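Here the chain labels run A, B, C, D and E in written order, and each chain numbers its own residues starting at 1.
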Amino acid sequence: MKDGLFQVEAGSQEDVMVLNMGPSHPAMHGTVRMVLTLDGETVVKCDPEIGYLHRGFEKQCESATWTQVFPYTDRLNYVSPMLNNFGYAHAVEKLLEIEITDRAKYIRTIMGEVSRLSDHLTSIGAGALELAAMSAFLYAIEGRDLLWDLHEEISGARLTVSYARIGGLKADLTEEFEERWNAVEPRIYEILGRLDRLMTKNRVFLDRMQGTGAISAEDAIDFGFTGPCLRSAGVAYDVRKDHPYFAYDRVDFDVPVGSTGDNYDRYMVRLLEAYQSMRIIRQCLNDLPDGPVNVDVPSVVLPEKDTVYNTIEGMINHFKIIFEGIQVPAGEVYSYTEAGNGELGFYIVSNGTGNPWKLRVRPPCFYMMGGIDRMVEGGMIADIIPTFDTINMIGGEIDR
Amino acid sequence: MPTATINGKEVTVPRGTAIIRAAAMLGINVPHFCYHPALSAPANCRMCLVEVEKARKLEPACYLKVTDGMVVHTESEKVVAARQAVLEFILINHPVDCPICDQAGECKLQDYYMAYDAKPSRLTTGKVGKVKVYPIGPEVVYDGERCILCTRCVRFCDQITGTSELTVVDRGDRSEIRTFPGRELDNPYSMNVTDICPVGALTTRDFRFKCRVWLMTSTDSICTGCARGCSVHLDHYLGETQRYRPRFNPEVNEYWMCDEGRLSYKRLNANRSGALRVGERDDLSWPRAARMIAGALADAQLQPDQIAFVASADASTEALVAGHEYALNILRAGRFYWTGRADGEGDAFLRCADRNPNRAGLVHSFGEQILERGADRLLKDLKSGGIRALFMMSSALPFGREAVEELAAEARKLDIFILATSHAGSLSSAATVSLPVAKHSEQTGTWVNIDGVAQTVDAAYAPPGVAIADWDVYRRLAAGADAEWPLDSVDAIHARIFSDEAAE
Amino acid sequence: MAVTVTKIPRPDRSLWVQSYVPEVMRGLSITSKQFFKNLFTKKDVVTIQYPEVKRDYPERYRGLHRLMYRDDGQVRCVACMCCSTACPANCIHIEAAEHDDTSIEKYPAVFVIDELRCIVCGMCVEACPCDAIRMDSGIHTHPFYERDTAFFDKPALLELGGPSVAHQGGDMKGVQGHH
Amino acid sequence: MSKKVVTAVKKKFKAAVLDTHSRLGDETIILDRSALHEVCEFLKHQPKMEFNMLMDVTAVDYLNREPRFEVVYHLYSLTQKHRLRLRVPLEESDPVVPTLTDVWRAANWGEREVWDMYGIRFEGHPDLRRILLYAEFEGHPLRKDYPIQRSQPRMDLRRKERDSVEEYRTMHRDRAADSDRSAT
Amino acid sequence: MLTDILLILLKIVAVVLLFAMPIGSLMTLLGDRKQSSMIQNRVGPNRARLSIIPGLGRLPLVGIPHFLADGLKMIFKEDAIPDGADRTWHNIVPAMALFPAIVMWAVIPFHDHYCTGEIVVQNYRDICVEGQTRNFFSIANLDAGLLYVFAISGVSVYGAAIAGWASNAKYSLIGGLRSSAQMISYEVSMALSVAGAILIYGTLNLNEMVVQQGHLIGGWLPMWGIVVQPLAFFIFLGAMMAETKRAPFDMPEGESEIVAGYFTEFSSMKFAVIQLSEYVATVFVGALIATIFLGGWQVPYLYGDGFHFGNTPTAALELPYWAVIALRIGAFSFKTIFILWLQFMLRWTLPRFRYDQVMNLGWKIFLPLSLANLVITAFVVAIL
């Protein structure tokens, strides 16, 4: 063995090996690098390194109009793009002091939950995949594809939806949407059931998940965990419940909460939340009110195309919004919504022009990655895999 | 000195001041179309109606003079309702033209509609069609449908140029702007009407469809077309100047500029060269090139009398000061010449016969006597021999193409011919060394106009290729010669210029 | 609203679980059910055999751009630059020019979309005030073997396009101008 | 609810509170940096406040304004369900704030990102490295005077990175020494 | 003498090239790809196509052309050897991995010895009268057949361990270490679990074992290994899967943890050979389990002269000898493939163990269980 490349000497406690896990590694989705110091297979030190997917999101947003930010937000947590869209729209609406229409609220709730389902399915499936249970992964992905078909149906794209608009939505639901959902619903239930039966009680799976990557509630709070990861540690914090927005105060759903904060709890939180999302969508579809999807504020919402084509008033309105951008009053706002991974915050500073002066995203998994070393140190290399997965770090979101 | 209260704030103004001016003093903008501070106020657009307490109806702010104790509201409910009504009326016959209208983006109608009305029209009848793309003058195109008949253009021709080409013809909703029979809008200041037109009715042929205004960035600059040095807004997009618009400067040009100057921006874009060439090599870096130039000058072992330096009346004062320093202490030139554009036609308003923007700066840097040694003299001296090395600043030449070729032919015979230039041409291909320099839109510079008004402007965009600011050229050449150089920043040069002035 | 919390059950490690076999059997029952089902009926197979079978894109699907034309076959676009302004990726290049027909006045002499740079967000369609550009061609952006071929110019975009039926310009058309 | 918090902080740290506002329901305290640490300790541990979560750390660059920078903290209380924003203005010439890593560990990565993006230093931070960008990056990109199109110089291959084995050994030695001490 | 050598060569060719290798490599395709696609609601490989019968167009042939295309591709891929690797060992290692996997096949009986004379069935055994028995259906009829298997499988650990070591890469090294630890550990329970079977059948000769499994308990229940040693069957299956590093015991390659384990740094044909050896070993596991626990080439109630229901001297349904041989070889192949199918089903169903859990399973569960199994079997055998 050549000296300096790596050393494996017997006997001494001190002899450890450094292993670069990533950035190019099958399990480090979204290119993350973990500099591991290993004692045998035990991780004694973990130094996560992120930023390989940094795209200058916040810098770009500062030179985009308020509307042009939407395509960028699609690419934050790219597994649940709708939630980012809505989170951002919600923040700007808060700054503009606009209350969106009831129908828009319900549609946002529905599509947000569809996105959340796809996020949870991905997390569960990818976790299974990385534990080598390939079939479970593909079942989950099949379910996710059905959900993305719905994305495509109403927004025109599966992933880069750009569906929300400030003051409402790009378009109403299609007429067939409810029919489509009725067809998809039983299949998603079937897939969730299949995943549950394949894994939840399987001892191989339990051994891998239980007791690994655990974090206490105090630590989780201290590190700024939110979402399923915080709830798995036993803290029932869900923005949808604690600070309801959209139509969440009008639907009935439960918040699954774990007790130990280990991988198994995180997996279960996601699985059970998926069922809750199904419930929410069904309720919203049943109570979906009629009416417009966009608010009646001409300075914010683009006029109808017919008006643009045929009247100078509509044309002027259209032009002003396109070339100047929406004029958002100067001020600052912090708005928070529950994204797939936890509290997705937008801190926006406007100087009263068509571009944001500062647009900060609080990516939920950023703070969770900040605590991951605490969760994997002392465990084995193999434990990093389910831990990293149940945290559900999304590269686009953490690196922006 | 009457004192009035506008929107709750008191203001004291000279007698005879219109409410709109008084409001402007308080920073309150009263929307208007027909009113222009340099023109008379006909109060025909009715957009500036404001509520004056104790008056029976709303009053035009552009026309009504402030009287003592007047209480004015410019944003009251009544006023806003009136503005909405005015806008609705104006828009009744306005075509759906924003996509093809050059004014879109800086159009008052758009601004006010979004600010005050933003309501759909109640109009159900068709719009009145009028003339489109009407060539009202050689530089200006008229669109009758977009015109709101504010008559600013008519008043401009009456009151500013005194040429009176324009008038309103027809009545009611068929009214249009026209020239008097047999005439054209062809005075040397005709393009100003497009600036003052609040909508897209009058547009310039030059800028027509060239670039959308919202895409451009505007930088405050000056026009270098003549010694007047009118203040302009230099609008540029993607590193290219798209147009000049006059910028209000009461000391120089007020609100106006001449057509010739307005079109002089074209020189900034034509034939630009950003390549640095020494001999046959054009892949050199500035430090390397500077060392080679210094080496070549040292090797040639020239007497001061064999070295000539040609200053330019086009260049900024910074460039001239730095050039002077370089010529005296590093180049050690013994002969000084100057070049610049030949005189043209002038008039009593803005246009100067002297077409060089900085003759004053030239005199300031090189002294009065240099004016006697112009381009003709340079050509003559070159022909008579004696000059072996020539350094020439970027400049226009006062004579025609043939004479330029002649000069180039003479320059080819020299041992060393260094040309600092921003354009590619026969002279630059004749040069042994061609140094790329920035235009005035690309560097910080101070220009002194015919009346001695100095204006400092900043770079609007980056120069092409490896071109750099004039003063920086001399700094780098000095560094190449390992010489001491006191003027290593714009600030240092400014310190020298303004301390000189203080000493005088 | 009170937070309704469900506590997640921790599975008890009974012999049933601990002995591996029953749960493995259960897992096998799921996978082998799918296996035999698909072996004999292909009922659950969701794969679409792409080049031979094509999925129908929904009506709102954003695909390749297309330029619409007027009744007389001329390009509908008037080069107002709204789309290139709204484009977050800066992928639309337009050069405007003057049209001989004064009723059209302005048209795009050059209209190029860099389809590789395009992020398919649909902002251009939303921004178009003339119904000139659409993304409903139902064709997705195909791979390009050379960079140059990704630039779709006006003829290429018009080829995908169709006549626009949108009524435009208010009642302007009915009224004759008096030139 | 959180209005009371603002009032209490104002009362207790009169000198350090520069301003407060509550636009759009976001309670905001603008603080002098000297009291930041103390105020945060107070906010975290005071009953009825219990800001046990640091939601986010970020900064804003108000170019051409004095003071130019502002570090912004968003706090949340899981027990009281209220939020608070702290803003700490900083001069361009001296962009330093005390770290909050010892109050909330979440501040660790948040502050690293602010350092990375704005070049604001956090005094006492245990590991103030760049986080999203690489160590050799020149400048701080979210500053308003960093042009969006600017490109970075090409960097050389790194010969050797931080030696984690060495770090671990030191750690291990210290730990061994500690246990030796406690044994004797 | 010469004919013997020729016969052995013929048998080697037949077993290795007609059975082990084709099934082994086809499994890469059918098991790994086609079977998984069926489980996962996909179509699986069907893009590479061949035109075999003119006029029928190009057919996907359940993906077999993919296998050919892959082989072709592998040959032309670059053989990358990491900087600082031990080139000699790096080059030798694939052969070292393949060698034991193939050599083990020597003792697998595909059928009973060929009888040149007449067959009389007595007490569930074929007895060859008036003729010789010829060993046509296994390469070598070793009396210590099972020991030979254990011995050779002990050698196979070197392939993985050295592959990991010779690559000069950390992931490979971890993979190599994991595989050596795992393979050595599982050999213990593997050997102990079949010890019960050895006690019952009283032989180490695999063919003899199979012959004995033709016995019918109570006249109807075949005395297959799985019937008399059910626990040992599960342990042996698990241990053999661990031995061949198949999922869920694929720690040494665990792609989500250590990229690809010991063969991370192998490419082109070298990679293909390592893969192939793994699959050949997998097929061997099928064959061995079929031999020991599923009655090998035995078809229930079928003996040399036809079907017997009960301990009768004459067949209830007489069959010609060639048909019997064909049925039995078919049965053996079917059983082997069934075990293979089962292994792949498990692979696509179960998550992977963790490294220490595998060791626990081996030492703390399989070992005591197989010991207990052995003791109980010993008692029972002694009593009977």
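A few points about this structure:
Please note the rule applied: contacts are C-beta pairs under 8 Å (C-beta built on N, C-alpha and C of every residue); 3 or more make two chains touch, one makes a residue touch a chain.
Nothing here was measured: the structure is a model prediction, and the numbers come from that model.
Between the contact lists of chain A and chain D, the overlap is empty. Counted as hops between touching chains, the shortest connection from chain A to chain E is 1.
Comparing each chain's Cα centroid with the centroid of every protein Cα atom identifies chain A as the most central. Chain centres were defined as the mean of their Cα atoms; on that basis the chain farthest from chain D turns out to be E. Placing every chain at the mean of its C-alpha atoms, the farthest one from chain B is found to be E. Of the two interfaces, A-C and C-E, the higher number of touching C-beta pairs belongs to A-C. Taking each chain's centre as the average of its CA atoms, chain B and chain C sit 45 Å apart.
A straight line joining the Cα centres of chain B and chain E is 88 Å long. A straight line joining the Cα centres of chain B and chain D is 48 Å long. Centroid to centroid, with C-alpha atoms defining each point, chain A and chain B lie 52 Å apart. For chain C, residues touching at least two other chains, in rising order: 24, 27, 30-31, 34, 46, 82, 85, 129-130, 168-170.
Multi-chain contact residues of chain E (touching two or more other chains) are listed as 39-42, 348-350. Contacting chain pairs (ordered by label): A-B, A-C, A-D, A-E, B-C, C-E. Residues of chain A touching chain E in their complex: 1-2, 5-6, 8, 17, 19, 25-27, 41, 128-135, 138-139, 142, 198-199, 202, 204-205, 207-208, 380-385.
Against chain C, the residues of chain B that register as touching in their complex are 95-96, 98-100, 104, 125-134, 144-145, 208-210, 212, 214-215. Chain contact summary for the complex, chain A toward chain B: residues 298-299, 307, 309-320, 323-324.
Chain contact summary for the complex, chain E toward chain C: residues 35, 37-43, 46, 234, 345-346, 348-350. Interface residues of chain B, counted against chain A in their complex, comprise 91, 94-99, 104-105, 109-110, 113-114, 117-121, 212, 214.
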